[in-house]
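Letters A, B, C and D mark the chains in the order given here, with residues in each chain numbered from 1 onward.
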Amino acid sequence: MNPTTPGPIGERHWAIAEGYIPPDSTDGGDPRLVSHEAACILNAGDKEAHVVYFKDKEPAGPYRVTVPPRRTLHLGFNDLEEPEPIPRDTPYASVIESDVPIVVQHSRLDTRQAALAVMTTVAYAGGGSG
Amino acid sequence: MNPTTPGPIGERHWAIAEGYIPPDSTDGGDPRLVSHEAACILNAGDKEAHVVYFKDKEPAGPYRVTVPPRRTLHLGFNDLEEPEPIPRDTPYASVIESDVPIVVQHSRLDTRQAALAVMTTVAYAGGGSG
Amino acid sequence: MNPTTPGPIGERHWAIAEGYIPPDSTDGGDPRLVSHEAACILNAGDKEAHVVYFKDKEPAGPYRVTVPPRRTLHLGFNDLEEPEPIPRDTPYASVIESDVPIVVQHSRLDTRQAALAVMTTVAYAGGGSG
Amino acid sequence: MNPTTPGPIGERHWAIAEGYIPPDSTDGGDPRLVSHEAACILNAGDKEAHVVYFKDKEPAGPYRVTVPPRRTLHLGFNDLEEPEPIPRDTPYASVIESDVPIVVQHSRLDTRQAALAVMTTVAYAGGGSG
């Protein structure tokens, strides 16, 4: 086995049923420790991935991002501004669609109480009609 | 790629093998920081989802909830009352069935000791006979 | 949709690649807060599940447990004694096989430092030759 | 059901879209509590697994490891040196390829703030062209 570069891996339709940006932080002034949530997207193929992100509330989104070939994008939900920010302290869910195969992993850092907490899961991959 | 709304995504049968509502909390009076567990359900399709939730103990359930089209429901296991509450400090497991495809993610917030902890995973999706 | 009981769900072959029982705890005398690891097994079908659990080290196991129909078993790896206990502070991995479909979720509670941490994931389900 | 050893389980192509080695630790001098990240690899089959690990940045990798039959390897991303170390405090992603089926689970220990946090998920398994 002697590969030189990985090939494409993943699927085009993903969903994250859990979503919540904690309203508070005990970050001590370190912006990396602000409570936040992200979809980590890997495009392991040779073509640019054009990714569309929908929040579940009817008028929100789509948000659009591009992931270059053989690169990852840690899409911070806290940082989305267009077409509208994601409200804090409010449950939501996400559907993510891409024109090429990608892999999506969902993570949250929660520092509402002193001493951080983290969680992660690979998102659900499956059929869609996008 | 120019989608306007996401289509249905997910499956109709889900299971969560891990279940435990911690009996204590260090919530400092903030109800959002009470130790709790939830199944986050996303219905990304156009039809209402009628969801049935079973606990593993024989006489418990079914619990019934409805998730509107293109909406998420963060189903707090702490809050279930009918047909009976879920006991604290007791291992359990869950089967979730829907008449349309949904996505289910399992999360827990544990504040038994000062400084919260969180965990999450996409639930197991697979065949069922419901 | 009007089900009365869920049917079988899951698969017969599972694997947990991550395994580690932390050697220390800050449990304050509460046995539930001792650092531990578990495989949570759900048998949602009508037949008893006879489950065999292998640790990766050659001579260890199999461990055998039975999960009654429509019940969950939170199999604490800390508590296994026969054929041998699982050593603390030592990476390991697990293969779990059952004669009927089950669902397996892996969880760890870590209280080495004050303020607990938890993590969970649905185990890997896939083909096997057991 | 009376197995004596488990058979092969898993897939040959895996991806971890989330990657981040926290830059700080509150480890109190215990090397096991340094913030770190790992891919836990299980080779449950009878043949040696030759595993290739790619980071997403173009010139990085491949890293090569071997997992003996019926053994696990907890591959610490902190410890990789050849062809180059993985920078701290920098998002990355991983593709893992093997010549025989393996199971990959992704975990992180984060001790940037006092009181550790842990997270885990089974990696994404799927088609590749390696």
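Just so we're on the same page, contacts are C-beta pairs under 8 Å (C-beta built on N, C-alpha and C of every residue); 3 or more make two chains touch, one makes a residue touch a chain.
On a predicted model such as this, the values are computed, not experimentally measured, just so you know.
Most remote from subunit A, judged by the distance between CA-atom centroids, is C.
Set side by side, B-C and B-D show the greater C-beta contact count at B-C. Note on A-D: across the candidates A-C, A-B or B-D, the interface recurring with over half of the contact pairs conserved by residue number is A-B.
The angle of the rotation superposing subunit A on subunit B, based on CA atoms and rounded to the nearest 5, is 90 degrees. Under half of the residue numbers found at the subunit C and subunit D interface occur in both copies, marking it as a different-residue contact. Remark: subunit B and subunit C have CA centroids separated by 21 Å (rounded to whole angstrom). Look at where the CA atoms of subunit B average out and do the same for subunit D: the two points lie 29 Å apart.
Annotation for subunit C: residues touching 2 or more other chains are 114-115, 117-122. Put simply, subunit D touches subunit A in their complex at residues 13, 15-20, 50, 52, 54, 56-58, 62, 89, 91-93, 95, 97-99, 106, 108, 110, 112-115, 117-124, 126-130.
Interface residues of subunit B facing subunit D in the complex, by the touch rule stated above, are 115, 117, 119, 121. Interface residues of subunit C facing subunit B in the complex, by the touch rule stated above, are 1, 3-11, 26, 32-33, 38, 40-42, 44, 70-72, 74, 101-105, 107, 111, 114-122, 125.
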